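Here chain A shows up in two complexes: once beside chain B, once beside chain C.
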Partner chain A sequence: MSDQTPLSTNLGRLQRASFVLAAVGLGGLVLAAALSPENTEQFYRSYLMAFLYWLAPALGSLAIVMLHNMTGGAWGFAIRRQLEAAMRNVPLMALLFVPILIGGIHPLYEWSHADVVAADPILQGKALYLNRTFFTVRAIGYFCVWIFLALSIVRLSARYDRTLSVAALRKLKVVSGLGLGTYVLTMSFAAFDWGMSLEPHWFSTIYGLLFVIGQGLATLCFAVLVASRIARHEPFSRWFAKSHFHDLGNLIMAFVMLWAYVSFSQFLIIWQANLPEETPWYLHRTGHGWQTVAILLVAFHFVIPFLILLNRRTKRNMRVLATIAAAILVARYVEIFWLIAPAFQHGGGLSVHWMDIVAPLSVGALWIGAFVRNLRGRPLVSLQDGKLLGQLEEASHG
Partner chain B sequence: MKKPKPQSGDSFGYLAEFPDQHKLLDAIHTCRDAGYRKMEAYTPLPVHEVWEALGHTSPLAKLVLGGGITGALVGFGMQYYASAVHYPINIGGRPFNSWPSFIVITFEMTILFAALTAVFGMLALNGLPRPHHPVFDVPEFDNASRDRFFLLVPWYDPIYDRGHVEQLFDAMHPLSLNEVFHP
Partner chain C sequence: MQQAAGNPRDLGPSVIGPGHDLGSVTDKITSIVLKRETPRGWWIGLGVCLSLAGVLLIAIVKLLADGVGVWGLNVPVGWGFAIINFVWWIGIGHAGTLISAILLLFRQEWRTSINRFAEAMTIFAVMCAGIFPLLHVGRPWLAYWLLPYPNTMALWPQFRSPLLWDVFAVSTYATVSLLFWYIGLIPDFATLRDRAKSKPFKVAYGMLALGWRGAARHWERYETAYLLLAGLATPLVVSVHTVVSFDFAVGIIPGWHATIMPPYFVAGAIYSGFAMVMTLAIPLRAVFGLKDFITMRHLQNMAKIILATDLIVAYGYAMEAFFAWYSGNKYESGMMWGRMVGPYWWAYWSLMLCNVAIPQLLWFKRVRSNVLVLFIICLIVNVGMWLERFVIVVTSLSRDFLPSSWDMYAGTKWDWMLYIGTIGLFGTLVFLFIRFLPMISIFEMRTLVPKSEAGTEASGFEEVE
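Take a look at the complex of A and B:
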């Protein structure tokens, strides 16, 4: 048992440091936001991006666990408790959305300005959907569904660990199967509401799926990073087998390809049609310096990870895989920045405000602190899981 | 040193039968330690460790990569040649080399070439289709598809020596040991 002490001490230290950093960062942001109206506006923009970025590992964990409940596979049992700890952060994300609901709708969303809508027949046509009340009701609805799913799955999984009851397992499968479809639909609409409606004239049905895939990818990368940290400690080093990292590497590669496929599909359709109401979205994002960001995204969100992950050996090397995962997690924020930030500049050039960097770091510190607290609350591996036991034996053989 | 072409009735190799995969793996390790490199194992179920223990390497991954790259070049080149060189037509004012619209076909051709290379490359590298193999003459070999594990040290191993192989296998006490002959 003495082997376990360093990991739990490290986790305790990380939790305290995270909460301190979060308090300092968020406190500083709020202070700066209160200084001037421009700062307030910028605060909400940066905060929305930070929120969307950290929503990904929480909701993505829910999705990946639901997927794993349906499909099984050794890789999922290895990272299951981390994902459960991450999806217990969904209520935290609901709490973090409250500032946007209270003060952020007006500074962020053009469709909430009565004078703009009065002069714009297109926005008048969309007013039935894009209005403050319905926006708030929908957001509350999404979070109710997500919190219900996350808590049910965590509770059922804990009950199964305790009792090994087949009924709990069957219920877990039913909730997961229905939940997976519900998640994709609700997250698509959430992406339409929170991201796409920033430019309310523009529309793309693929946009929601981009967020869904991004969340899955972010979750897998996050899980690889956490697993590679935990695997440095005894006795966990024996419980993570090379084959788990191989499977996770394959999944990351699949998600990277899916992201490229879906992103390109949206681009190709708009490029082919060449319609005046659709093309400005891409014109804003491929000019005035933004083309650099777009090229970086193609390179670091697709080409480089794809080429490295093609090789079998890199997927089985924990350190290489963790490095790629970290790089993709950075690229994930760049993508959110590329999707969201140009909306506020109305065709202006690329510029990065200090809040665009500090906000995701501060929200991230809070998120990580809560995640570590969740992680410490339960054993990192479920010994009762029969399938896992078989996997442990396999791991100790090879 | 190249071996002389075998005649009918020459030794093809020694085939040993084992009751489980652990005994088979032990045998593979013993033979590799003795210097044999070209062994073949036959198991009734897939055993991942066997592939690693045998030390087999396959050039298939590189072939498939090459197939994929060829497919991408052919796919893109075909469209580029047709629309920009051979018969350029102005469609909706778009450039002749409208690469975004070429990507879909390029992607499909990449997958098609890579998949065909994988299937036919696998068959060629395995020497398939092959209706008959000398080990089929051993009566016990039927059990390879039921519950027994076999290891063959073939004549084309660089250090193949009948007496030494037989001695090595005898010491492992296999369920059965047969010499296989060229038909």
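Take a look at the complex of A and C:
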């Protein structure tokens, strides 16, 4: 069951391997992008999807930790350090957004084409919001808020661990309460800017929540996956109890249901009203081969995980839960692909470019490398929380 | 996900007052029901509510005699008070289901002392809600036509209509809530049966207790049944108000057709429901001396839930306003502009005041710890949620796509009498409930007793009241 190699050695190897892979992958992508204008355009499309995919565990960690600071619960103390390491990647995500700001706006967003806007009264009406300058300013604003929140939470949490000061704890709660609301609002607008405005005529008021919930789900799955790897090593196998995985499994199930709820509500409302300004979005995503992707999403992003997670035993089994979490993480990328990619094809058929696969893997390697580096920087568990919870004693009894 | 017991960072007051044991909990709660003398305040309260319920009766008789024309409905406002009040009452019910089902599954032990009367409130609110659509069909005695049953009239309901989904959603909701409430009451009925002094009460509670003897086997089956029902009730918290939101959202009326409607309606329902639970709990704990059972912790936790759901509701308003502009659709922006500066501007801005501005006070711990201020905020929230439905229903309909058909709407005195009458009916049922049934679950409170003692020591932090 347990892995004999020390965890620190494994993590060190993983970090090096990740950075090497990231250098190779991103280097290859940039080279390929420079070869032809078509490739450049494709690069930005794939890169945007990779960016949105990896933004999720970084921002989602921030959101889940803030949520946990207010609700409590043993599950959150168990995965706290991993989430803190993940949210320390928010500045990295800001850095990764720079290429889009510099070169990506024109190839990606139709509203940035002056000739298109000139011929379109609706886009002219939106130009006050959808223009290069304001888009850039907003993006910088979102990242400032997120970086501030992530660093504050990490700093306050570290101070509490060191000093056990109630003042730090109270401050943590205040920042979390205000921060969670701010996060939901800013992430919603980020989703409108980066995702929804790819098809600038279309709008849906629930679109922001779709991203917020997706980020929460991705984070929980990511945390389970990391926890299951860490738990193979002594003494961490004693730190994680079955009940933690049970609770995390319940939370994953709740988020899977929320995702289905929000997705289905949007679909039903738009489908039944059948308005010409709204339905094209779904027509592009349910025809020309895209319906297969949609059905796969229904099956692997909702029905199958939901049915498996209904069972109590699967949630208490670390390996089974980790497998489901990994499957959902794959489905998360399929969803991002289904949300974003059809926008570039203007009703064309389903096609997958090699960059659509390589970009998320390369960005992911960089992300994982930075994550492992953050993880190694601080103790993996908070002994104070562990003592107070009686976790360390309890866990050794089973 | 235990909050009371399993959180080393817990700073709040405890869920049960100090110095209670199993006997004192039982005595305290049963004495409210079994006491011989009925307090005078109860008679006065019941009298007032019964008179208002009489107003309801008059309004219904008038309506049945003269027809729906006595209401203020017109063209284009075909949905008026009836829908507003229906949604308002249905929403209020949601807190009961959330407290009894979801908080039970999430092992939030603080729910224990408030779940019983919150569930009762749910059932009474659903009863009040049901009156409106039933009357709005015009011929309530034919309301069974809404059900899909084989008949010789070749009559079959329109399954694409969310109004029909409502029939199923609300009737399921009423049934499950009633079952859940009753099953939760069985062990307490047995306690009352054993403690009642007079014969008729002994017999009545005895029959309701279904032969409960408190045997280990009874408890085992009871726990299973209760958890299963909680599982069944959980989706209902979301589904009922989602379907209610579909009543609006699947149409194409600007201001109704928005994809954010389902989550924002559900949050609004929970928000208004908790406000109503607080509106009832705060006077009850003062009058019946239940401050040890419904502690500051309950009030503070409920205040936090009200704040959280309020933020979701405010998010919904913000999205509606932003997309009214962003959509680039002149009907959408016209609708939002009409709400803000049109003839119903007072309703819209009062709504913003009641539902967005004032509840922000709950961020402050001092406000959350002040019972009187909490009570006032909850009353304001109740008004705000009524205004929300008024704004949605009336402003969207009164200015439709053709300016020539625009018209104003106002409720007539019969509309108001019907609305106030249902508040009277609700109050009457609440007063009867607190006199004849244990308003706090006795056996569940008993389970808190040893924990409250252990919990205080283990948390290591000073208790703050």
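As a working rule, the second predicted complex is superposed on the first by the 389 of 398 C-alpha atoms of A that agree within 3 Å, B and C clash if a C-alpha of one lies under 4 Å from a C-alpha of the other, contacts with A are read in each partner's own complex, and residues count from 1 in each chain.
Here is the rule we use: contacts are C-beta pairs under 8 Å (C-beta built on N, C-alpha and C of every residue); 3 or more make two chains touch, one makes a residue touch a chain.
This is a predicted model, so every value here is computed, not measured.
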Superposed on chain A, are chain B and chain C clashing or fitting side by side?
-> clash
Would you mind checking which one, chain B or chain C, touches more residues on chain A?
-> C
Tell me which partner A:I140 touches in the superposition: chain B (first), chain C (second), both or neither.
-> neither
Mind working out whether A:G208 is in touch with chain B, chain C, both or neither, as first, second, both or neither?
-> second
Would you check which partner chain A:R312 touches, where first means chain B only, second means chain C only, and both and neither mean what they say?
-> first
Scan A:Q272 for contacts with chain B and chain C and give back first, second, both or neither.
-> both
Which of the two partners, first being chain B and second being chain C, lies in contact with A:R170: first, second, both, or neither?
-> second
Interface residues of chain A shared by chain B and chain C, listed 268, 272
Tell me, which parts of chain A touch chain C in their complex?
-> 70-75, 77, 122-123, 125-126, 129, 166, 169-170, 177-178, 181, 184-185, 188, 192, 201, 203-209, 247, 261-262, 265-266, 268-270, 272-273, 275, 277, 384-385, 388-389
Which residues of chain C touch chain A in the complex?
-> 1-3, 6-11, 160, 238, 242, 246, 249-252, 257-263, 304, 311, 315-316, 318-320, 323, 326-329, 363, 460-461
Mind listing the chain A positions that touch chain B in their complex?
-> 264, 267-268, 271-272, 274, 310, 312, 398
Considering the complex alone, what residue numbers of chain B touch chain A?
-> 49, 61, 65, 92, 94, 100-101, 103-104
